[in-house]
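In the part that follows, the structures are each spelled out as structure tokens.
In the two assemblies presented below, chain A is common to both, partnered first by chain B and then by chain C.
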Partner chain A sequence: MGPDGAPSQSVPWRKVLWEWQPFPDNYVDQRFLEELRRNEGIRQYRYWAVVKEAGFVGQQLSCVAIFITLWLYMEQGLLAPETLFWTSLTCALLGYGLYQALTSQTESCSDHRTHLADSQSAALFLSFTFGFSPVLKTLTESVSTDTVYAMSALMLLAHLVSFPYAHPSPPGSLSLNAALFASVCLASRLPGALHTFAMLTCALLVFALWPCLLQRIRANAPGQFTGVCVGVCVGGVGGLGSQSLGGAVLLSLALVSVTLICPLLLVRLQRHKDNIHGPWDEAEIREDLSRFLH
Partner chain B sequence: MGQRRKVGSTNTPSSQSESADASKVHSRKHNICMVSDFFYPNMGGVESHIYQLSQCLIEKGHKVMYNQSTATTCFHSLPLLRCVFVRERITVVHAHSSFSAMAHDALFHAKTLGLNTVFTDHSLFGFADVSSVLTNKLLTVSLCDTNHIVCVSYTSKENTVLRAALNPEIVSVIPNAVDPTDFTPDPSQRPPDRITIVVISRLVYRKGIDLLGGIIPELCLKHPDLHFLIGGEGPKRLVLEEVREKYQLHDRVRLLGALEHKDVRGVLVQGHIFLNTSLTEAFCMAIVEGASCGLQVVSTRVGGIPEVLPEDLITLCEPTVRSLCAGLEKVIAKQRSGSVPSPTSIHSRVKNLYTWKNVAERTEKVYDRVAGEEVLPLDRRLRRLRSHCGPVAGSLFALFAVLDFLFLLLLRWLAPDRHMDMAVDATGPNGLWKENRKNSDAGC
Partner chain C sequence: MVLKIFFPQCCNRAESGLLVGRWISGHDSAVVLAVIHYPFIPAQVKQYIQQMQAQSRVDLTVLGSWSLPKDGQEGMESFLRDLSTIFPQERWLQIRRQFGKTGFSCEVLSRDQICGKNPGEKAEKKKKKSEEDGGDAEREDEEKVIFVHYEQRKVMLSQLHPVEAQESGNGSEPNSELRQVFGTVARSQPLFVLDRYDDGPLRSTHWQSEGREASIVVELLKRASVPLGLLLGRMLSVWTWICSARILSVFPLRFLFSKLSTCVQLSYRTERLQTLGAPQAAPQAAAHMDFMRKANVLVSVLLDVSLGVLLMSWLYRDQNIAMLASNMVPAADRVAQKLEELLQWLMGAPAGLKMNRALDQVLGRFFLYHIHLWISYIHLMAPFIQGILWYGGLSACLGLTFALSLLSDMVALFTFHIYCFYVYGARLYCLKIYGLSSLWRLFRGKKWNVLRQRVDSCSYDLDQLFIGTLLFTILLFLLPTTALYYLVFTLLRLVVVLFQGVLHLSVDFINSFPLFAMALRICRPYRLAEGVKFRVLCEEPGTALHLLMEINPLKCSSVVQTYRTPTYSCYPRDSWVALVKKLFIGELIYPWRHKTTKSD
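Presenting the complex of A and B:
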């Protein structure tokens, strides 16, 4: 079915409502949808750039694997809590030095925290964890071990899902809390209070401090970032392999799919992107309007 | 659940023949059922559109019903809607607004009952986020076998055609209207020693209130005699209050809170400039109301707004603080130099642009056209659903259509149509009310 009447060609149609026009209400002009724009401002991804970004996801997965490996060693008594604690502390100091070194190159002036404040926070955390470790040790005693394991698995998964991979410094509160919850659950199943303390210190190192350092490396030393990610992934697979071969195989499959196959899919599927824009889109406020308020 | 309100009706054979003789244009009268979740006493564009349109259609001798409800789901509204449609001898179901669940319900059941359907879309939608993907799919399903669709602007038509994958020729553009007698200018209400900018809108993000929060300090610092009069309520009121607090503008920025429709004119006539900062708008009745009261209109260039007023009655700006400030400065300068047309001349130009009479005539044409079309029988409806809406949603809603049809058969067996009472039309005893109406109504 066509428009109601034959429009006279002498008067061109105009896209205005305020003027009576000799066209039926359902008239469709040549210019219909002329302002439609497709795929505006679309980003063209390059495969290896995406792989590099996906490396962060892969190494975070490996971090969780490394943490679980350490816990397994602790639970079986193969790793003394003192060793773990002193190693963690050494790593933390080394990492802190590296962090400062990477900071001083660029934005040292914008960093307000002093070394004293940092050491104060560290001392506060260590003393509180040490003091409360007997309490944490018995925290989940009345809960069955299966429940604790299930809870930990769920929470570590939540940590991985909610982790802010684009801006991991500081790690998001949901992901950090989920990871620490899982750590407390797992640590409470260890044989002694000192084990619990060492495990929690290690958890803080892996889940809270390491992402900050890695983000700094990604920003200031992109060449080394890839190497570090690969190193962590290899460490994760190797460590898990020493305890459970099946786990190591699963982890490596996950790593391959996350860092290699998913980026490939993303780049391939970009061709099918069909995003339409037009005058009906809600306008975006791009200005920073907070300057009027603060 | 259904709250039914009879707006009014005139449909006796005598009145039909009389009005047909009088106009000779309309061959038949329709029994129209307006369906939407939005109606008086709530206020808003859709509500007043339905109300005014219904009034004008009644004047033209059609019978108009109104249905309103909230929270309906697919099937349980069928018995009630069937009862209404049969009792009132409805011929055309006219649903309003894609946000209204009941509108979609009514369209679905009306097609099952074999009634002609019309849908009016009042809003614009994007395509990017998950919620719009889902609502657009629902709209596709709902409109794929609807006889005719009405949009309020050309931009809205483009949007609806894309969202629901429609043939553009079954989509008519019929703008909203403003009652010009409600919005007359009165320059004596303007305080002489100042320039007042009026903003009337809900204070929400989509209306660009954040932009307004940037414009107010910027302009108030430059022009000491500039005042703002802001009508409306909403979560973004906080932003305006903070700005007012920070820049100490309590005497120059007045927040009036929610306004009733009858108070709007009283606020508008106090101002020189009407400002609209919307980020998206299908038609925007507010700027027509502002112009009808003789104000200079400054607005963002979004959605259907550029189609609404001629270039010399509106200053269009980009949706940024800088562009809006520049546009307002230009108009303020013109206002100071006195080179703006008088409110009366603006009113006389605007008053005939959008009238409900015109809207009703054009809507009537849609009804006439729709009444001549056939409603798809079940088998073709199912085929259309499956070919038009994709394999998953199409099949799912085809199943719903079949279930709806079976449910209807059951209802017809339980309570046959012929046993249903027909509603008596409210014409008063011996058509007395009808006579009164004829004498008192000059027109709408």
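Presenting the complex of A and C:
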């Protein structure tokens, strides 16, 4: 009932303002909220499904950690650039084979790139990186090391933030570019041109090609996806642990919070969700009050 | 309505007679131009007025009568009244001046009163609608006339501003009353030719009635200017014929001419001189503008040439040219040495900035080699410099502006290396800025849509992204080095451009400053009028209001604005913001034409 009290008349109240009615302006009757609906189209999450999806975020975090570990090894001279290069190449070939194998199982060849185009791309990567590596080596010579580290950290963070976790197959421009920028910055700090070249190849592998493969695995072999994620996470923590224990602890804490605690919070907090829908336009308060002044 | 009578001051003490003048159409006012004295024969007066009307194209009429009683001239009242029947008019003014009073008294008689009045009756002071009772109407009549005294000579000579563009003779009269008054007085010049030494049957009073002035020198100059003008015109036509020869309009020559300020100045001067010989425009206002323009051009050319001759007399005295020439090569050497030092400094760690060493070395060596080339060129030229200066100095006899333009060109030639550095630096910088801006879009996964002129999102291939990022990183880290070189050379270039800009500006000033109009404004302020102001002369209770009309001279700033000769720098120029923007994105800036930086 309206605050002003309704006159008991036989005329039914209508929810219109454009015609005169024998009711006060602020009068409403019981039918007013009939059409209110709550939480329309809500999806009920299940904890383990969410954890499985969050595994992708965790493994991306671990990938960054693995890359940093490799760079640390290179900088200290513990890892020869040739070794890294050949290992990366082998991994790339293996991964490519796996990728093809997973493709031939299910998909048709409608949007399929030819082997020739792939090898062209690979040749382009390799030649450009090799050609530019001396330039890249001297690029940040005069920039202070702190600046380079800060820039790399910022860029890697930007990579993680802007990574398209839902559809990573063509990697997002900003995330890939940020990661590549960071790796160029880091690689230019290494002692030799060949180091730079190997590091960049590795970066390409980790940041550009690995997400494509992982996405393919997630789509076509969901059973193995969890195992791969766990493997990468363990690899990342272990690798970082061999260089700095503190870093490993921090990483594992981050992984736990991202993959276990955050999904728990999501599922818990979902009970408090309260969205209302109805056949009305939401009131939109504009901050522009100047028109009331005159 | 108040009847305004514009009355010339020179007629204040005129003998009694007829007022000749004109009723201003559309306004309730009359302009008195002259007084024709007694005795006269009415037919001769009518003939004279018709003659004047034909000559001046002003519809002159007899406005009324004027009486200044002298001893033994009593009882003219009835005679004056009778005159109105001889010269039939719509309205008849009867202005009377009395002894012991400064003001005039005026009666206005309309036609029906004139016709219907009884000759023997004493004249009544009446106006058109004076059928009502006497006392009130009388006082009203007295108040309804205002005398505006004006100085006839000044009003005749002055031009009211702003000048109206198309005032085509008698066809369409200007609306403003003041404009009509000025126009009437200016156009009735033939009326003022009659002076006291003429033997005609009529005598009149106006500003020139005491006799006309003339100067022998002016007459002689007028005589002499005709053959001189003919000679100059012939020479000018020969010169323009040479200029219009087809061989000069071939592409490279034309391009060169448009860039050399001497040639620009030459063509400008030719064009101005050609306008001197153009026929005079017909309507009065246009004729005035035309005359002023020509006079301005002539005076500024004369001043220019005299300044140039002064400069020449200094140059060719005491071996000044040889001294200049011998100083020039060491000066160029010194500039080159300073530049070399600057480059050495840039190749180290300038101001503690950390630049890319490899690129720094490459750029520095490139520019050093360029300076080396330039010095050899200067030394090769050294023996000829004195000759060049000697012959260049001759151009000063054409005017100071030519000497200044030549100086500007020579500065441009002698600082050619700075220009080259600037162009290299700017091109490199521009390339980097463009590359970086497009790669930054790629970095964010966007692209520039040319068709829609906006930034769209775009999904790139892996290899595109990879190479783009690689190049972006490289360009970003090399940018400071390039930017520093660009900055230094742009500053050098700006110094040169500023110097040239000052030269161009002074040339432009001499070319366009309305010297004649300014001199006219200072020596004869009434010639260029902006308006008028009124001063109350006398306000006695019994007589009409007397006002003195004085001419407001045009403000100096508007003199310059109105009579400025248009030159090439009058075109809209880039603003400072646009200039800074151009400098930022590395676009080239030039001192010539209407491009930039002449706005000092």
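Methods note: the second predicted complex is superposed on the first by the 266 of 294 C-alpha atoms of A that agree within 3 Å, B and C clash if a C-alpha of one lies under 4 Å from a C-alpha of the other, contacts with A are read in each partner's own complex, and residues count from 1 in each chain.
The rule is simple: a contact is a pair of C-beta atoms (placed from the backbone, for glycine too) under 8 Å apart; a residue touches a chain by one contact, two chains touch by 3 or more.
None of the values given here were measured: they were computed from a predicted structure.
Visitor: Would you check which partner chain A:Leu17 touches, where first means chain B only, second means chain C only, and both and neither mean what they say?
Guide: After superposition on chain A, A:Leu17 lies in contact with chain B alone.
Visitor: Between chain B and chain C, whom does A:Val230 touch in the aligned arrangement: first, second, both, or neither?
Guide: neither
Visitor: Does chain B (first) or chain C (second) touch A:Ala221, or do both, or does neither?
Guide: A:Ala221 sits against neither chain B nor chain C.
Visitor: What is the contact status of A:Phe128 with respect to chain B (first) and chain C (second): first, second, both, or neither?
Guide: In the superposition, A:Phe128 contacts chain C only.
Visitor: Looking at A:Ala158 after the superposition, I want to know if it touches chain B, chain C, both of them or none. Which is it: first, second, both, neither?
Guide: Touch status of A:Ala158: no partner.
Visitor: Provide the residue numbers of chain A that touch chain C in the complex, in ascending order.
Guide: Where chain A meets chain C, its residues are 121, 124-125, 128-129, 132, 135-136, 138-144, 170-174, 176-177, 180-181, 184-185, 204, 208.
Visitor: Under the definition above, what is the set of chain B residues touching chain A in their complex?
Guide: Touching chain A: residues 124-128, 153-156, 158-159, 161-162, 168-175, 206, 208, 210-211, 213-214, 217-218, 239, 242-243, 246, 279-280, 283, 300, 302-304, 306-310, 319-322, 353-354, 362, 365-366, 369 of chain B.
Visitor: Could you pull out which chain C residues touch chain A in their complex?
Guide: 354-358, 442-445, 459-463, 465-470, 472-474, 477-478
Visitor: Which stretch or stretches of chain A touch chain B in the complex?
Guide: Residues in contact with chain B: 1-4, 15-19, 24-26, 28, 32-33, 35-36, 275-276, 278-287, 289, 292-293.
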